[in-house]
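Shared between the two complexes below is chain A, which pairs with chain B and chain C, respectively.
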Partner chain A sequence: MSMVYDEYGRPFIILKEQQAKARVKGLEAQKSNILAAKSVSSVLRTSLGPKGMDKMLVDPDGDVTITNDGATILERMEVQHQVAKLLVELSQSQDNEIGDGTTGVVVLAGALLAQAEKLLDRGIHPVRVAEGYEAACKVALDTLSQIGDTVEFTKDNTEPLVTTAETTLNSKIINVNRRKMAEIAVNAVLSVADLERKDVNFDMIKMEGKPGGRLEDTELVQGIVLDKEMSHPQMAKTVKDVKCALLTCPFEPPKPKTKHKLDITSKDAYDKLYEHEQAYFTKMIQQVKDSGANLVICQWGFDDEANHLLLQNKLPAIRWVGGVELELIALATGARIIPRFSELSADKLGTCGQVREIAFGTTKEKMVVIEDCKNSSAVTCVVRGGNKMIVDEAKRSLHDAMCVVRNLVKDNRVVYGGGSAEIACSMAVSKHADSVMGTDQYAIRAFADALDDIPLALAENCGLSPIEELANVKSKQLAENNPFLGVDCNQSGTNNMKDQGVFETLIGKQQQLLLATQVVKMVLKIDDVISMGNYQ
Partner chain B sequence: MEQAYMEQGTQMDKGDNARMSSFVGAIAIADLVKTTLGPKGMDKILQRVSQQDQSISVTNDGATILKAVNIDNPAAKVLVDIAKVQDDEVGDGTTSVAVFCGELLREAEKLIAQRIHPQTICKGWRLARDAARKALEEHARDNAANEEKFRDDLFNIARTTLSSKLLTHDKDYFSNLAVDAVMRLKKSGNLDYIQIIKKSGGQLRDSYLESGFIMDKKIGIGQPKRIENAKILIANTSMDTDKIKIYGSRVRVDAMSKVAEIEEAEKDKMRGKCKKIIDHGINVFVNRQLIYNFPEQIFAEAGIMSIEHADFDGVEHLAAVTGGEVASTFDHPELVELGKCDLIEEVMIGEDKVIRFSGCASGEACTIVLRGASNHLLDEAERSLHDALCVLTQTVKETRTICGGGCTEVLMAQAVDKEAPSIPGKKALAMEAFARALRQMPTIVADNGGYDSAELVTQLRAAHAAGNDSYGLDMYNGKIACMDELGVRESFKSKLQVLMSASEAAEMILRVDDIIKCAPRQREGH
Partner chain C sequence: MGPSMGRPGIILLREGTDTSQGKPQLISNINACQAVAEAVKTTLGPRGMDKLVFDGRKVTISNDGATIMALLEIAHPAAKTLVDISMSQDAEVGDGTTSVVLLAAEMLKQVKEFVEAGVHPQVLIRYMRQSAKLAVETVKKLAVPFEGEKGKEMLLKCAGTALNSKLISSHQDLFAPMVVEAVSGLKSDLSDLNLIAVKKVPGGEVRSSFLVKGVAFKKTFSYAGHEQMTKKFINPKILLLNVELELKSEKENAEVRITDPDQYQSIVDAEWNVIYEKLDKCVDCGANIVLSKLPIGDLATQYFADKGLFCAGRVDVGDMVRVGKATGAVIQTSTNGINAEVIGNCGMFEEKQIGDERFNLFTECVSKETATIVLRGGSEQFIEESHRSMHDAIMVVKRSLKSQAIVAGGGAVEMEVAKVLREESLKIEGKGQLVMQSFARALEIVPRQLADNAGYDATDILNALRKKHFHEQEGGKWFGVNIAEGGICDTYESGVWEPSINKINSLAAAGEAACVILSIDETVRNPKSEQPGAQPQAQQGRQGGGGMSGMMGNAMDIANNGARRGKLGHGVNYMKGRGGG
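What follows is the complex of A and B.
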C-alpha cells in the first residue's frame, strides 16, 4: 500500500514497509483511536459525581494510591496508546487551568468520540463532524454564560464559597468532614487572596500531610509548617519575636569553586591553618549574632562545631530546609535570602511572632511551626488521617477545593451542578441543530447527545435509572423553563440544584467543553497512524 | 480492551473482580494477625528470607508482624499501613485495628452479595461510627483528678496491654515497672527519658527499674571507676586526629624531619584540646565519637573518667538526663552547661559491666533493665514493654479510660443496634453489619482462648442489654464478668483510634471499583 506507480508505471516506495513499523490508515485509524479514547474515559466514568467510586492504583514499585481525582488516575495509569495519552494530557491541562472537573472533561471527550463513531459509520466525513462539534460547542458556551449565575461573597460572608467547595469535595472520600474541609479550603484561599486584584497566590499555601490522628484533626495553621526539627536537640523549642536569618550557605569553611590544593609543608603552616579554620567558625557565628538574628534557617548542613557554637550562642537553627520552603519563609517573614555570611545585616532579617517545635505521636516525629508572620498571609494545611493513602487523597481533594475557590475569587460566575448545566446546553444545542442546513445538523445533534452523557453517568453512579431520570429532568426543565434542574444524586428530594446548593464555576465548565471539543477535533482529524517500531 | 492502550504487563481489575481481590487481600491479612488477639493470643515466628541473614524473631505485636510480611495486594497494604500508623500514634491496638478493618470488610462482602451499593454501605457505616463513638465517649471515665485512682487506671491499662504479650506471667510485676517509669516522667511524656537495656541471662522476673541512667559502655583504662558528684562534659567531637576542615588541604613535606614536626604539631593540637576540655573543671568526659589512646591517657593522668563511642541516642539521652549540653567546641568553658549527677560507677548486670549514672539532675530519667533467657525473648519483652509505655504516656496526656475485655465493643455494638431501627433505607443494614463486626472482636478473643465464643458473646450481649454495661470477657475463667472488678481497662485514645482509622480504611477500600496495577519495574539482577 505504500507502493506508488509513477506515470510510466514504474513502482516506487514512499514508505518502507517493515515488520517493525506499524501503520493504520483511514477509517480504521479513526476507529482504533476512538476505541482507545473510549476505553480510557470508561475507566473514569464511574468516578464521576458524589457517588462516584475510587480507583486503586499500584505503581511499578508496588506503592498504592487510592484516588477519585481524574487527573491523578490517568497520570498514574501509565497509558501507552498515543490517543489515550492525549486524553491524559487533556485532564492534566484542565487540572492546571482549573483544578477541578478533570474527570468530567475526559468523560465528555469520550462521549463526543462515541457519538462521532456512529456518524462515521453512517459515512459522514470526520471533518464535517469536527466542524459540527465546533459550531455546537459555541452554542453551548453561549448557553452557559446565559444560565450562569453570580455569587456574591465578602470576606465576612463566605457561605457561597464554602458551598461550592463542598460540591467539589462531595465526590471525595473526605466528604465525611466536607464542611470542615471546605471551610479550611476557603479560609486558606481567602487569607492569601487579594480580593481587589482578584488574584490568589497559591505559593503562599502550603500542604503538609502526617499520617496519624483522624481526618477531623486536619487544621489550618496561620503560618508555615516545616517538616524539620532544630539542628541541636537542646536548642530552645520556642522562640518569640523571631528575627530569622535565611541562609543558603553552609556553616562550614567555604569551598572555593576553583580547583585548588593547599599544601602544608611545615609545622607553622599547620598551626596557622588550624587557627584559620577555628576563626572561620567563630566569625560566621559572630556575623549572625551581629546582625541581631535569633533564629537561623539554613538550606544546607552544619558542621558539628558550628552547631555547638550556635547552641552556645543561643541561636536556634534549622538545617536542610528545601529551596521552595525557604522562599516561602522569605515571602512570609519579609526576609531576604542571604547567600554569603558577609552579606548578613539587620535589614535582611525576617520577623515573625513565634517559632515552635511540636512533636507527634509516640515516635520522635517533629515539625517546626512558624507563626504570626509579618506578611501574615502564608498558611499551611496540616492534613491528618488514619493512613498514608487517605492523607494523600485528602491533600489532593483539598487542593481541588482550593482551586475552585480561587476560580470563584477570580470570576464569581457559577453554573449549577448535578448535570443541570449540561442538560440545559444539550437542549439549546439540539434546538439549534434543527435550524442548521446540511450534514452539520447531525454532528450538532450528536454533540447534544454527548452532553447528555454526563447526567446519564451521574445518575448511573448514584444507582438511579439513568434514562428515566434524564428524561424526567429534561422535560421538567423544558416545562418549568428552569435551567437549574439536575440529577438528584443525594436523594434529597428536589431536583433544583440552586436549592441544594450545588455549584460549579462557570470558567471550569466552559473550559471543560472547550478542551474536550478541541481534543475530539484533533482525534477526528487523524487518518493515519504511523508508529516507529521499537529498536530491537 | 485495556490491552489496546495500556503498557504491556499492566493488570486491570474491574468492578466485582476488583472488589473481590480487595476483600480477599484485606481479609487474609486480618486473618493472619487474628490469632494473636487477646490475652490467649498466639505468637508468630518471623524468619528473614535473605541468604545471609536468616535470623528469626518471635512476636505477638501486630505491627511488627505486618511490617515483616511481604505483600502484593494493594488492599492488604492499606491494612498494613493503618497498623503502622496506629503503632506510631498510640503504640498499642495494632492488631485490633487490622482485625476490625478485616471484619468490617467481611461484613461488607455479604452486603455487596445482597446487591447493596458500596456508597450506601459507607453511608450506613458513617452513621454507625458516629453512634459508636458517642457511646464510647459516654462510657469513658476520667480519673485524672484523683491521683491514686489514676495510678490504678494506669496500672490496669498496662496489665491489659501486657496480658496479651509474652510478659503475661509477670504482668503485675511489669505493669508496676511500666507505671513507675511513666509516673516519673510526670506530664512531659517524653519517652526519651526511659531507657531499656537488654541483658540476656537470668529470668524475666529479674528485670528491674533503675533510677538514673545506664550506659552499656566501658570506662577508659587506668581511669577512676567511681566518681561522686560528677561533673560531666558531654561532647560530640573527634578525639582521634582532628581532621582539617578546610577544603583541599593536604600535607606535603620534603623531609622526614618535617613529618615528625607535623606529627608533633598534631599531638600538640590534641593535647591543647584535651587541656581545654579538662579546663572545664570536669571529672567525667563522654564522647559520641572514638577517643584514641593518646587523649585517653591524658584524661587518665588528670583523673578524669572518659567514655568513648557513646552512640547518638546515648549522648542525647545522657544530655537530657544530666542537664548538660552536647558540646563540640571548647573555647568558652564558662558558657558550656555541664551535666551533673551524684554518682557514676561501674556495676555488673549478669556477666557484663555497665556504667550507672545515679542521682541525675533531672529526676525523670530511669532505665529498665530487662533480663531473660534468650535474645528473642528479650526482644519481644522490649516490644511488649514499649507498647505498654507508649499507651501509658498517651494515657497520661488523654486521661480518659474505658473498659477492656470486649466490653466496649459490645457496648458500641449495642448503641449502633439501638440507632439502626430508626434509620430508613438500606443504610440500616450496613449499620447492623457494623455492629456485627464490632461484636466479632470479643468473639475472636474468646475463640483464641479456646472458649465457646458464641455462648460467651451472647451472654455478654444479654448482660449489656440488662444494663450491666461494664461486663466483659473474663479470659482466665472463661465466663463473663464485671470488668471494673477485674480491673481490665484500656486507653480511650487507643480504642477511638482503632474505631476511626479502621472504619476510614474499610470505607476507602470499599469505594474502589477499579484496580490498575502497572507493570512492575524491571530490576537489575532479577
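What follows is the complex of A and C.
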C-alpha cells in the first residue's frame, strides 16, 4: 500500500507494515478476482461431459493422479489464489453433498462470473448483478422441478438406477465397462439402503483396490474384505460356519500401564517368570478355545510364540486389523469387541457363513473375505485394474456413481442430461427476464447466457460445432416444446435425452445452481483486497 | 534538537524520537482517521461491498466493520481510537460497527476547517460534547417502544435489518425467524450468549441451515465399538463427566516394583479393576448417555456399547456447559458419589447425519434456554461470514429485547437528529453554533454513504431528505434512503428497523472518540529499539538520548566500565552526544 502524506508533506503510517501490504480496490479488485476464478473454471471446462478429457496431476512426491473428477482435480491442484480457492471449496461442497456434478458446478460459476464481468463494464453495481442472479436462480430452480421426471424403481426393478449410474460413469475412464460398474454401484447401494427411511449409510460400503487384473474383474462382495492375510501361511484358508472372536488385546502377557519393574534376583525366579509367560500363552489359547471360537481377529499383532500355538490349536487368526474394520466386522457379524481374554464368552462371538483368503494372480498379495454375515448389510467393492492410477480413478468413479444412486434413493426425481436441463432453464430464465423492470433484467439475462455455457462446453468437448449445435437444440426445444432435448454427445442420432437414457438427479442439478450462484455472489461482493505480501 | 543560539540545548528525548505537536499534529491525526474510514466506508448498507483481507496465512472475506478494522492492524496511534470504538460497538451492540467509525471520522472532518482557522480545540470539544448529548437525547425521544403483541414482528424486522448488508441478506426470511426464536428462548436477563451456539457444517446449500432447540454438536472422535451403541433415546438420563475413562497409569511418575512373578497378574488386575469400577459407577447411576470433556477410550466405549449406553469423549467445554444448562446435569469431576441430582435429562437424543458429518442432538430439553444454529454453505469463507452475520443479528435482537425500543434505519434517524441539531444550534451564541451545525452535517454521512454505495446520486437524495424532514415535521421524520429503487421512502413503513440502543451507542461513542482525538496536541513516539539486547545502555549513551534518569545511570555505568576510552568510535559518538546535543 502506498504511503499517505498529510498536508504538511509528512508521511504517516496508518497500518502495521504498511509498505508490505498490497491493496487492490474497486473494479480492479473485482476484475482480478473474476479472472482468477475464470482460469480455474477453464481448467475444468475440458473435463466436462462424456467426451471430457482427463488431467494428469503430479504431486510434490512424484505421485501421479489421472482423473476426470472435478473435485479431485481442484483438490490436487493446490490452488493458491484466495478467490480461486472459493471455487475449489465449491466443488468440494458439491462432492460432499451430492457426489456428482463437481465439474459442472465450477464451469457454471466461471460462466456466471464471465457474464458478470461484462455487466460490470457497463457500470452495473456488482450487488445488483448478484441479486439479479439470485432471482434468476429461483426461476431456474422452478423450471427444473417442472421438467423433472420421477423414476420408479423397486428392489427388483433396478433398471432406471443403473441407467442413471451409467450417465455418471459416461465421462469416466471406466466407461467401457459402465454397465457392469453401474450394476455394482446400484447393487452396493441397494444392499445397504433402507428404502423405507430413504437412508443410505455409506460407512457400510467399503472400497478395496488392488492393482493387477482387469477392470472387468472388479466385483462386489456381500461382506467385508480385509487387505490382510492369515497370520500363518499354514493356517486354514477357508473357514465355514465361522464363530469369530474380535480382540483388542494382543496375544502376549498383559502389561500394566503403570511403569513397572520386575526384579529377578535368582535363577528360580527367572524360571518361574518363564513358566508364567508360557502359562499366559496357553491360558489365552485355552480361553479362546473354550469360548467356541474358530477364528480370531485381533487388533494388535502377536509374536511367533502365539502364532505357533494358534496354528497348533487349529485356530486361524488375522492380526493387525484396524479399528474401523474391526467395528465393521463387529456390526456385520453381530460380535462384541473383547478387551481382554478373561472376558471371552460364547455370546460375544460373531457368526458368519464363510471366511476365506483369496490370492490375486501370481502375486503374493492376499485378501481375506468375510461373507454371509448375520447382518448382511455391509458390502465391499474390490476394484481391479491395470495399474494403480486406473484403480484409484475407478474407485473415485464408482464412488460418484454410488452417490448418484444414493441421491435417487433419497429423492427419485431426475432431470435429463446432455445440457437439456440447462437449455430449458436458460430459455425459461430469459423469458422471465423480459418481464422484469430495471437493471435486474440485464443480470437475469446474463444468467441465462451463462447457463448456455454448459451445453456449449459439452458440444465443444465432443468435437461438435458448439454454437451451431446449441442453436439447433434450442430451436428444437422451442418448436417441439420438449425440454428433454440436449446435445447429442455420443452421436447416437437422437437429441432426445430421455430416449438416450441420460439422467441426472434433480437435487444434484438444483444444488449446482444454488451453490454456483452463492459463490458468485460472494466473489462479486468483494471490492477491496488487502493482503500481506504477494496476492495474485 | 540541535544547538541553537550558542546555548547548550536541553535534551529531553532519545534521538530518533518522533515528536510533533500543535495544530499540524491535530490535522495529521484527523487525516489518519479519515484514511481509515475511507477503507471501511464501502461496506455500509445493503449494497455495501465486502473486503478480502489476507494476512499471509488466513483469508477473511467480511462485511463486518469490527472484523475488518481488527484485521487491518492499524498502527497509527490516533487512528487506533477508531478501532477501539468499533470494537466497543461490537461488544456492546454487535451491529453498526462500520457506521460508528464513519461517524467519528466525519465529525472530525467537519471540524477540521475550524482547527485550521484557529479555533481552540477545547471549544470544539465542549460543543461537540453538547451536540452528542443532544443527539442521544433526541434519539431516545424518537425511539418507538415495543408494543406487546407486535413485539415479535418488530424483532424480526430488526434482525432482518441487521442481516441486510450481509452476504446472506437474500435469506433473511430464513435466518431472521431463526435468530429471533433462538434469542427469545433465553431467560429475561439475556446474560449468556454462549447458550446460543452456532455450528458450521461446510457443504450443502445455505437454505438448509436450521435451528435446533436444544444442543447439537459434532460427533466427537470415537473408538471402535461406537457404531454398536444405541443412537437414539427417548427421555434419556445424561451424565456429564470431566474424567478420563481409559485404561492407563494412575500417576505419571509412579513405578511398581515386583519381585515375585506371581504378583504380576495382581497388578494387571488392579489396573483393570480401577477402570471397571469407574465404568460400573457410570452405568449404575442409571445414565443412558455419558459425555466427558476428556477422552473415553475404546475399552469404555465397548463397555458402554455392551450395556446399551451412549458415550462421547472429548466433548468441547462450551458444548458440555450447554448440555448442562439444557438438561440440568452437573459436570462431575469424579465417578464417586453420583446421585440423581447431578444427572440431567431431556426429551430426545439422537445421532443424526447432517451433510457429511454426524451430529449428536439433544432436543426437548427441560430448560428451553439453549439453542443451536447449524449453518450450511458452499464454502468455508461463506460459512465464516454467515457466522459473523448471525452473531450481529443475534446481538441486535438481544439488544432490542433489552432496550424494548427501535428507530427507523436507512439514514432516517440520522437525518432527523441532524434536523433537530440544526434547529437547536440557532439558539446558541458564538462559535458553538457552527460546531453544532457541523456535527449535524457529519450525521448526514450515513444516508450519504448508503446512497453512494448503492450507486445513487447522494447529493440529490440528501437534498430531498433534508427537505422532507424539515417541511413535514412529524410526517417526514422517518424518511430515509430507498435502497431498492433509489430516491427516498419512509423506512419505518418499509420495515428497516434498528434497536435504538444501537444508534445511541454509536452516536455517543463516535462523539467521544472525536473529542479524544481533538484533545491530542502532541504525540511522542519512541524509536523502536533496533538491536534488542545489544549493549542497550551504551547505545543509549552514545545517542545522547534516553530519559534524564537513564542518562545519569548510563554515564555512571560507562564511566565505571571504561567504555568511553575502550571503544574509540563509540567514545567519539558519545562525546558528541553529550556535548553537542
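As a working rule, the second predicted complex is superposed on the first by the 511 of 536 C-alpha atoms of A that agree within 3 Å, B and C clash if a C-alpha of one lies under 4 Å from a C-alpha of the other, contacts with A are read in each partner's own complex, and residues count from 1 in each chain.
As a convention for this text, contacts are C-beta pairs under 8 Å (C-beta built on N, C-alpha and C of every residue); 3 or more make two chains touch, one makes a residue touch a chain.
The structure presented is a predicted model; accordingly, all values stated were derived computationally and were not measured.
Which partner does A:260 contact after superposing on A: first (chain B), second (chain C), both, neither?
Both chain B and chain C are touched by A:260.
Let me test your reading of the model: by the given contact rule, A:71 touches which partner, first (chain B), second (chain C), both or neither?
Neither partner.
Figure out whether A:220 sits in contact with chain B (first) or chain C (second), or with both, or with neither.
neither
So, does A:96 touch the first partner chain B, the second partner chain C, both, or neither?
second
Pick one for A:272: touches chain B only (first), chain C only (second), both, or neither.
After superposing on A, A:272 lies in contact with chain C but is clear of chain B.
Would you sort A:386 into first (chain B), second (chain C), both or neither based on which partner it touches?
So A:386 only meets chain B here.
On the A-aligned overlay, A:311 touches which partner chain: chain B = first, chain C = second, or both, or neither?
The answer is first: A:311 touches chain B but not chain C.
Residue overlap on chain A between the chain B contact set and the chain C contact set?
83, 253-256, 259-263, 265, 273, 276
Going by the contact rule set out above, which residues of chain C touch chain A in the complex?
Residue list for chain C touching chain A: 20, 24, 27-28, 31-32, 35-36, 39, 42, 46-56, 59, 61, 63, 71-76, 79, 167, 170, 202-207, 223-228, 247-251, 253-262, 264-265, 267-268, 270-272, 298-299, 302-303, 305-306, 353, 355-356, 377-382, 385, 454-455.
Which residues of chain A touch chain B once you look at their complex with the stated criterion?
Touching chain B: residues 32, 35-36, 39-40, 43, 46, 51, 53-62, 64, 66, 68, 73, 76-81, 83-84, 173, 176, 211-215, 232-234, 252-256, 259-267, 270-271, 273-274, 276-278, 280-282, 303-305, 307-309, 311-312, 360-365, 385-390, 393, 462-463 of chain A.
Quick one: in the complex, what on chain A touches chain C?
4, 6-8, 10, 12-18, 29, 33, 82-83, 85-86, 89-90, 92-93, 96-97, 125-128, 131, 134, 199, 203, 248, 253-263, 265, 269, 272-273, 276, 299, 323-324, 326-327, 330-331, 336-337, 339-340, 511, 514-515, 518-519, 521-522, 525-533, 535
Quick check: in the complex, which residue numbers of chain B touch chain A?
So the residues of chain B in touch with chain A come to 1-2, 4-8, 10, 18, 22, 72, 74-75, 77-78, 81-82, 84-85, 87-91, 117-120, 126, 191-192, 236-237, 242, 244-254, 258, 261-262, 264-266, 269, 316, 319-320, 325-329, 331-332, 335-336, 390, 393-394, 497, 500-502, 504-505, 507-509, 511-521.
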